[in-house]
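Next up: the structures, one after another.
There are two complexes below, and they share chain A, which is joined by chain B in the first and by chain C in the second.
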Partner chain A sequence: MIYEALGFYSLSLFILFFAYKTITVPNPVHSALYLVLTMMGLAGTFFNLGAEFIAGVQLIVYAGAVMVLFVMVLMLFDLKAELRSFSRGLLSGSLKVMASALLAGMALGAIKNSVDPAGLQPPAEISANATRQIGVLLYTQYLFAFEVLGVLLLVVAVGVVAVSRMKGGTHAKH
Partner chain B sequence: MLNTEALLNIGTNHYLFLSAILFSMGMIAVLMRKNVIVMLMGIELMLNAVNLSFIAFARESGQLSGHIMVFFVMTIAAAEAGVGLALAVAIYKKFHEINIRFFEHLRG
Partner chain C sequence: MGSDWFEFTVNFIKMILIFLMMVQIVPLLVWVERRGSAFIQNRLGPNRVGPLGLMQLLADAVKFLTKEEFVPARGHSMLFYLAPIAAMIPATLALAAIPLSVPIHVEAFEWLGQNWGPYVFKFQGYDFGIGIVFVLGVSSLAAYALLLAGYASNNKYALFGALRASAQTISYELAMGLSIVGVILLFGTFSFSEMVTAQAHALSFSFFGQPVEISWLPNWGIFYQPLGALILFAAMFAEANRLPFDLPEAEGELVAGYHTEYSGFKFNMFFIGEYGHMLVASALMVIFYFGGYTLYPWLTPATVSSWFADLSPTKASLFTALVLHVVLLLKIVVFLWIFIWARWTLPRFRYDQLMDLGWRKMLPWALFNTVVTAIAILVMRHQWGQ
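Right, the complex of A and B next:
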């Protein structure tokens, strides 16, 4: 029990520290690299929660592919103009932080007031071959959603090429 | 007086706390930053917080549907990042800066 708590708290500190760095450092490249570390911490948390397959996918898809995409797009830009890119205004800034803090406080209060069955009894164990069961579920019960996602990815791939080759759109003056 | 039993006995609530705080941090990033790329990173942070609560609930209920949902959310997130970055490239080609205030000048 004590080791589980230690692991949870150290991983939480890791995640929250690097998430804080992600949203506060001025340089977007540093932001992206801190976000990679946050994703890795989250993969560790998923592993702790018994979701080994999801932890692996998190590492490969998020920390690998998506963040590489982010960093490569950042390399296209001139970053010197981006260093001071926080929203200005003390009043609006404090209002934004207060709105987020209100959301966090409400969510935390709701969680705290809810009954936690997992605290009373040990959680139901997911069996060792969870990856196999995920595959079976994905190709039986969720087959339609899976196919729709495939079509969506195709549409997005075509759309991304179209948008990035766009020269002014329909209102452009030639 | 701190309840050490509740602190040390890690349950679903603890993971939900972490998820809520992470979600709020992503929301702050989206609200406070003017750089489109960092705002997209905030969205990724929020999606990851939701994934964490999905996995926590999946462990609590012992069902694997939560894992499937996380898998789908990751796919959608990758697609969304692709579209957002393409928009950022379009905005940069026109204004040579990726600030959110240039989005109102985009046409078509």
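Right, the complex of A and C next:
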């Protein structure tokens, strides 16, 4: 128990530190690499909490695929224009503050509305059959949400293809 | 890690030994690669240093350690040092999660005036409950080493190599993951050792609900999943950046690709990472499709332990594990040789051919394999006429 708590707090510090670095370093590639470390920390936290399957999927999907794409695209583009667009003007500054306030409010609301974890009982047998249980739940109780998420991803993919086929692509000047 | 100091120490030594096994197999593989390629191309290869040129490995090691250490002046020196380390970590972690033989059961014994045991030592670095997902997860991180190396070098060739590597890894990872789904469905488990246990008896399946058993064939995954095995093996070549998929380091176009600026031991660490990947890939092929550390009908845990029936249970368990470990190693060596053989036989793909193969051929076929396997399992295992 004490080891789990130690692991949890050290991993949390790890995640918070690298998340902070992600949003403060000026170089976008470094920022993406810090985000990768944050994702790995998240996977470690899941593993530490006994959710081994989710930890593995976190590694494969976010750290292994999504972030590789991020880093690759960041290296591929000439980022001088993007660096300049991180302007320090009053309007964009206030927009940034508003966006972060909105995000903080949403996070607080989510925490306030969630179930108190102290009242939850851990299931008797987790690690042995957790993957099977996740699969059964996804395809019975949460089937609709699961399929809707799939459709959402499809919409995003179609949208990306449509945007990239526009004249000038995502860097269109007009 | 363990409940007392004995178990803790043994587990710790075991982890180090498995890591050293990966590192030490690299010089041998380099030797096999150089001599093997020489024989394939009708030359002699390195044969001057020591018997059969085997001491060439030591000479290479000395060369790697004494070369000038070089960091590009305008590169990112921190990331430049980080990349070779990142190259070794995924293969090491993945190998640690693969069971290399049956667990060793140690009976309770008395030593140094204390009672110890009984213990069960798994023949692997660390047993993650979801072995397959973990191995896929950590080996998907291998792309970062190449990306970091290419970016930190501040060299156009290196950057091109890194970009190609990441595009290739992402493209082939999908096909790789999907090709394994068939095997997972078939054996119904995410654990490597359960998968091997399922393959340690005679070929038996149900044909439209009727049980069929063929006693002279082992219950290997290759008999059910030939397409999955082929796709996985091809994708493994791409993941390990071996010819015909070695576009990230294509010598003719990119000097040496992502490791253009690396010399000495840092270059060697990329090398160890690549060969470690080959080792993990071969081990996965053997465990998924070729019976792992068993060889039905001669060498299964039951038959091998019956050889040592008159020894004490601890010794019998230890020797059984060692014999089965040798079985696994021999099978892995066969696949490692196929890796080397293919490298000196096939020409490199063109870049568009590579992408075409990954997205338009292997991915649809892997999807097809998954769907057909699922339907076949449903139809075949259904109890018809009841």
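Everything below uses one rule, namely that the second predicted complex is superposed on the first by the 120 of 174 C-alpha atoms of A that agree within 3 Å, B and C clash if a C-alpha of one lies under 4 Å from a C-alpha of the other, contacts with A are read in each partner's own complex, and residues count from 1 in each chain.
The definition used in the following text is that contacts are C-beta pairs under 8 Å (C-beta built on N, C-alpha and C of every residue); 3 or more make two chains touch, one makes a residue touch a chain.
Worth saying up front: this structure is predicted, and the values here are computed from it rather than measured.
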item	value
Which superposed partner A:L13 touches (first chain B, second chain C, both, neither)	neither
First, second, both or neither for A:L154, with chain B first and chain C second	neither
Touching partner for A:V36 - first (chain B), second (chain C), both, neither	second
Partner chain in contact with A:I23 - chain B first, chain C second, else both or neither	first
Partner chain in contact with A:Y142 - chain B first, chain C second, else both or neither	first
Chain B versus chain C as contact partner of A:E52, first or second or both or neither	second
Partner chain in contact with A:G64 - chain B first, chain C second, else both or neither	second
First, second, both or neither for A:A104, with chain B first and chain C second	first
On chain A, positions contacted by chain B and by chain C	53, 57-58, 65, 69, 76
Chain A contact footprint on chain B (complex, rising order)	6-18, 20-29, 31-35, 37-38, 40-42, 44-45, 48, 51-52, 55-56, 58-62, 64-65, 67-68, 70-72, 74-79, 81-83, 85-90, 92, 94, 96-99, 106-108
Partner chain C, residues of chain A touching it in the complex	29, 33, 36, 40, 43, 52-53, 55-60, 63-65, 68-69, 71-72, 75-76, 127-128, 131
Residues on chain A engaged by chain B in the complex (per definition of touch)	1-2, 4-5, 8, 12, 15-16, 19-20, 22-23, 28, 31-32, 35, 38-39, 42, 45-46, 49-51, 53-54, 57-58, 61-62, 65-66, 69-70, 73-74, 76-78, 81-82, 85-87, 93, 96-97, 99-101, 103-104, 107-108, 111-112, 114, 116-119, 123-126, 130, 133-134, 137-138, 142, 145, 149, 152-153, 156-157, 159-161, 163-164, 166, 168-172
For the chain C and chain A complex, residues of the former touching the latter	79, 128-130, 133-134, 136-138, 140-141, 143-144, 147-148, 150-151, 159, 162-163, 166-167, 169-170, 173, 177, 190
